[in-house]
Every structure is written in structure tokens, then in C-alpha cells.
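Before any comments, here is the structure.
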Amino acid sequence: MSDRLRPPSVSTLAVSAAELLSALREAPPLTHCITNSVVTGFTANALLAVGAAPAMVDIVGESGMFAGVASGLLVNLGTPTPEQRAAMREAVASAGVEETPWVLDPVAIGVLPVRTALARELLESGPTAVRGNASEILALAGESGGGRGTDATDTTDAAAETAIALARRSGSVIAVSGPVDLLTDGERVLRIANGTELLTRVTGGGCALGALMAAFLGAAWATDEDALTATAAASLVYTVAAERAARESSGPGSFAVALLDALAAVTPDDVVAEARVEEVAL
Amino acid sequence: MSDRLRPPSVSTLAVSAAELLSALREAPPLTHCITNSVVTGFTANALLAVGAAPAMVDIVGESGMFAGVASGLLVNLGTPTPEQRAAMREAVASAGVEETPWVLDPVAIGVLPVRTALARELLESGPTAVRGNASEILALAGESGGGRGTDATDTTDAAAETAIALARRSGSVIAVSGPVDLLTDGERVLRIANGTELLTRVTGGGCALGALMAAFLGAAWATDEDALTATAAASLVYTVAAERAARESSGPGSFAVALLDALAAVTPDDVVAEARVEEVAL
Amino acid sequence: MSDRLRPPSVSTLAVSAAELLSALREAPPLTHCITNSVVTGFTANALLAVGAAPAMVDIVGESGMFAGVASGLLVNLGTPTPEQRAAMREAVASAGVEETPWVLDPVAIGVLPVRTALARELLESGPTAVRGNASEILALAGESGGGRGTDATDTTDAAAETAIALARRSGSVIAVSGPVDLLTDGERVLRIANGTELLTRVTGGGCALGALMAAFLGAAWATDEDALTATAAASLVYTVAAERAARESSGPGSFAVALLDALAAVTPDDVVAEARVEEVAL
């Protein structure tokens, strides 16, 4: 794999991200989240800030029908109680029937058995995208014992070949979060260099990105964009906002607050001007 | 319904709100919340900030006895797991026996079947007050399919006649949140024009108001105020604080922080000076 | 019990606290939390801010194995659903076998029957430390009906003799939180005077301290420090940071944000310079 930059497609990508951000704000996608109890408030606030319409519907008897009417769905395995596990299966089945795009976030899989089995089961249902750190993606592919809780113990580049193979096998976009994010649909590979180390000092820093991917997929389905562009747009908007927030912050507490302000304030033009994305030739 | 203002009763109302705020701070009402997992932390912080004593007791075997000793109870249907549904029934039964005032917040009812049935069931137990957006109130009255998740798709004024009829039928104060809040006990109708659009950009912006209503009802029961005055007082204190917070904010993240600061800092005199409330003649 | 200060051991203690803070940041202890739904996000953020590695694993089938690999465990009884109660028992059993240090935080026991029985049951499994307010510690010892929800209605000094007796009987460090914190292992008694009233205006202000104690116990086990020193170190770092945050705050909302910033910024030297700890002769 060479690192040759392909400027035209890349500048196209930042422009597409900006256009998706505009489209999302004009017609806020109803974003259905089944997510963990640690980050549910922060996730909803991140979605509201960027301009989406969050709905945290995670009980049996409601999640299935709701996934059918939502524009996008997030399934995050951070605290998978039995009730949530059943609600996730119900939602994923409905998303399949109704063609709602959905994101799987396999939080802390590898060492933890219940969620690891669940992640592999849900992968068989064909998520539109999977977002995780390198250790989680390796564990999902069956190639690693996983990280230490939510900390990645593997680097993004170490997971690149696994991510590409997993994308080809699953048909999902695989998004590997790290100091540089790597996204692939098995045919194209993007590297996004925006971001800040402070995102790892705030709980839900990664989980909120998974939710934004579900929202941007909703906006993309409404405007005929593809899944790789949508997930890259979510990553670009999120990490450009995070960089702006980091400049206003004096620590992880004020950063989390500033990130919400920045998600609301960041403009499509900001995204085009500040995106640092490259396409890697396979 | 005319829009004729009745100044005397209205100025009385702002003064009553200010007095209730003082009373609440002198004898913090123990405010029992059974609320959704998205907003539980923000709700507890809003109650602490204004001067109340929150207790988030939502399990079977504890919620019944606790609703009997609490000064006020909030039942919020945002993420109604089976455990919470049973705990809500237990609490509401106990509140009825012990005459604890309680607030029903029928979050996102209408399209979502489990909570819609539960809201209608709980309404039969006679909540002291119901707080919701226009779509939720219409759905509770059986007149609409409800909104899109937590977003209202109907206006407050469109829900006015339904709210009045529902108040008469249920014996509950009905509080319809929106750009202008409408509150009615079936005999009087109040419109509160304070507030800020930023409240809709923070998750739990409405849920926390429901919790404040439970706290102010607790303070009102201790000082022989009526339920309409108590819920109006909660709305006035909350929205006056929100306006002050909005002036200090640079986005939804800093607004949520400033709102907690403002709830702690707002004085009874501020409420009297800044309240924009009118009574609508029926 | 006299109030005679013993300077040498006390200055040793502040130095030990500073050294433990450095050790924790060099080798972040994996801190397993089973905690209540109100504070789980704030708790994880406090652990991340100070430099630990939080993991909120609270389901059956995962909490047992995870408590065995974690460096420290927190069991907080704030919202003990049936699933969490089973996960707590699983984790505590595993912590006993694997010698993982663990903290019991018996939130709001006394008046609430389910958690009161659970706290007494878990106490029999020998927590390394117990953290609570005076009312909770009295209730755990069977000497009081407990407080009003999470508010202490008893003073720290009133609980001192009970705490000492409970420490001797249980073998646990007993940490009584209040305007002055009192910590004892049954042989030594420490009083820590740092802190701010604002900690009682933020939900999870006490719960996060329990989590820090679990993290510092993890760091202590790795460096052969004792449990009393570890829990005192957590209290000192937390309350010194809280004092610094209070000076930057204009209310409870901005205080919670500043506390996270301060936990990340506070240095070992700050702890030595600002600690106000005394040892009380028995």
C-alpha cells in the first residue's frame, strides 16, 4: 500500500462532506440510538449540536418499529444489558427490512465475552458501517484478544489490512478510529488526520462519532451519497470541530463543552478549509 | 379565547413564583425522580442547582416506599425499561395513597407503543401535573399520532383546546412546552413567554423542567399553594434562568453549563422582574 | 480521641499521595466501575481526567471476569437494578479470588430496603474500602435509619466512633465524606480538611471520589502502598482539585466542568503544597 495522495478525489471528498453537513442541517435526520448508559446524554447532545434529531429508543417493543421510521440507527455495545441486547436485535432486523442505514460500534469487544459474541452476531446482519478503535476492529475480525476495556492497544495502521479484508467480507464500511482515522469500504481507503488527543480524555469521544456516522448516513441516503462518503463526512465534521474546541479548552472538562459548541458552530466552509484527508492507493 | 391580559392576577403569579422559590430553598423538597437514562444526570444537577434535593430511585422494591416519603415525584417515560415501568406503577400507587404530588412526562408518546399505553394507564391514576410538548399532549389525549421522537410537530396553541379539555377530564394541570409555554388546570390558562430556543438544543431541556415542577409542587404542598401556581413557578424560574444563561453562552454546550449556574444564581427578585406571563381569558 | 496533630506522619502522607498520583499517571490503573445511571458519565470523565483508565462493565457474564483483570473495582449502589445486583455479586466474588482491591459505595442506604440489604451482604465479602457520608456509614453499621436520599443528616464526627468500630470489624478502610473527610483503618484515623461545599451541589460529587479510591487502590497495589494511604491519596487529590476548581467557577455547572480540568491539571507538587490532613490520636 503506497501513501500517494490523490488530490482531486480528496478535495471532492471534503466538498461532499460540507454538502452533507448542509443537507443534514436542512433536513435533520431522525437518528435512532441504542447506546451505552455512560455516554447517552453526551451522544444526544452531540447529535443535537451538529443539527441532527436524536432519539434514544432502547426497549423491546419499540426499537424495532422505530428503526423502521428512523433515518439512521446506531447500535453501540458499551453496556449491553439483556433488555438492550433484545432491543438491538429487534432494531437491526427492522433496519434490514426497511433499509435504514445503521452503524455498529463494538465497544470494548475482545476480552468481554457477551458483547464479543453479540458483535459477531450483529455483523452477520450487515451493518452499513462499523466504527471502532484498532483493537476492537481486530477483535471483530477474530484476529486479536482485544484491548484493555475501551483503550486501543493496537495502532490504526496495524489494523489496516484487517479492516480492508473485513470490509470486503462484510460489505460494511469499516472505520478505525485513532490518532489518524482510517476508513475503507474494501475498495477505497481514506486516512483522516484531523482530531485531537483530548478526544481520548472524554468518555464518549468515540461513541459520539459513531452516532454522527448514523446521522450522516441518514442524510446521505436522502441525497444519494454513498456510505464511505457519509462516514468520512461524519469523521471530518467531528474532528474539525474537535480541533477548534481544543484550541478553546483548558482541560478535558472544558473541551467536552467546547466540542458541543463547535459542532453547532462549524460551517461547511470550515470543513472544506480544514479537512486533512488523503486517499491511500491500494 | 381572547388574548386579553389580566395584570393583577399575573403580577400575583410572578410574586407567588418568587415566594415558592424562596420556600424551596429554605426547605429543599426531596424530589423523587424516575426518569430516562439520557437525562438523569442533568436532571439531578438542575434540581440541585435550583436548591431542591433530588433522589433518583427507580427500582422495584424501593420506589413505592420512597414516593411515600418524598415531597414530589417525577415519572418520565423517556427510556421505560420493564424494571422502570414496574417501579413507576409502584411509585404512582404510593403517591396516590400518601398524597405526594407527582408529574407525568410522557416523552415521545404517540408513535412509540409501549410508552403510549403506559402514559394513558398512568394518566388514570391522576397525576398532579402532566408536562409535554404539543405533540405529546395531543397524543395523550388520543388526538394525534404524536411527533417525531422528542420533537414536537404541533404548535402549543394548536394544543390549547385539547389541553384544557384534558385538564378538565383528568383533574391534572396540563403544561404544554414550546416557544410559549401554556399551562392550564381547566379553569385558568396561563401563557409564559420566557425561554430560549437553546433549550431545544440540549438533551433534557424539557425533562429537567418536569423535574422542577415536581420539586415546586413539593414546595407548594408545604405552603398551601395550588398546583397551577406551582407548575407556573417552575416554568418561570426555569425559563428566566435559561434566558440569563443564553446571554452567557456561545453554543449548546456552554448553554447547558450556564443554565445550571443560572438556576443556582437566579433570585426571587429576578423572577418577579423578568417574568413574562399572561393569563388568557377562557 | 484528642485532636493532637502528628506532623511527621502527616507530611509523609501528603508525599505518599503525590507519589501515588505520579504512579497512577505513569501506569493508568484499569478501573472497573459498576455504578449508578445518574453519574456514570461524570465518573468515567473524572477517572479519565485524573489519569486512570475507566471501564464501566456492569452486566452479568462480563463483570466477574473483568473484575479479575482490572486493577481496582468500584461497586456503587445508587441505582441497583436486578441486573446490576447480580453483576455486583459476580464482580465481588471474582475480586475476592483475584485479590483485586474494591470499594463499596453504599449510596442512600438506610431508608431504602433493597440497597440496604445488599450493602450489608456485600460488606461481608470484605471490601478494601467503604466510602459514604455519615448517615450511610451509620446505616451500614446498623446504627441509624439513614439520611434523606443522598443527603447526610448526621455529621462526620458523630460517625467517627462507629467508623472506627466498623473498620475493625470489617477489615475495610472506612471513609466518611463530609465538610471534613474522616478515614480510618481501625488503627489510624485521618481527617482531611480540603474540599468545597460545591461538591454537594453536583450530582456524583461523592460517587466520583469512590471511583478515584478504586483507581488509587489499583495504583497502590502496584507500588506496595497500603489501603489507608491509597484512599487518603484519592481524597487529597480530589479535594485539592475541587478547591482549585471552585476558585474558577461561577456556580455548580461551571464547577463540574472546572473540576474535570483541575483533576487533569493538578500536579503532585500541588497536592503536597495544598493538602490539609491531620492524624487524630486514638
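Going in written order, the chains are labelled A, B and C, and every chain counts its residues from 1.
Here is the rule we go by: contacts are C-beta pairs under 8 Å (C-beta built on N, C-alpha and C of every residue); 3 or more make two chains touch, one makes a residue touch a chain.
Since we're looking at a predicted model, the values are computed, not measured.
Asks: When subunit A meets its copy subunit B, do both sides use mostly the same residue numbers (more than half shared) or mostly different ones?
Replies: Counting which numbers both chains contribute, under half are shared, so the two copies meet through different residues.
Asks: What's the rotation, in steps of 5°, that superposes subunit B's Cα atoms on subunit C?
Replies: Answer in degrees: 120, to the nearest 5.
Asks: Roughly how far is subunit A from subunit B, centre to centre by C-alpha average, rounded to an integer in Å?
Replies: 34
Asks: Mark out which residues of subunit B touch at least two other chains, giving numbers and ranges.
Replies: Subunit B, residues with two or more chain partners: 37, 41, 256-257.
Asks: Which of the residues in subunit B come into contact with subunit C in the complex?
Replies: Contacts found on subunit B: 30, 37, 40-41, 44-45, 48-49, 53-59, 61-62, 65-66, 69, 83, 256-262, 264-265.
Asks: Where on subunit A does subunit C make contact in their complex?
Replies: Within the complex, subunit A touches subunit C at residues 36-39, 41-42, 78-82, 108, 111-115, 148-151, 200-204, 250-254, 256-257.
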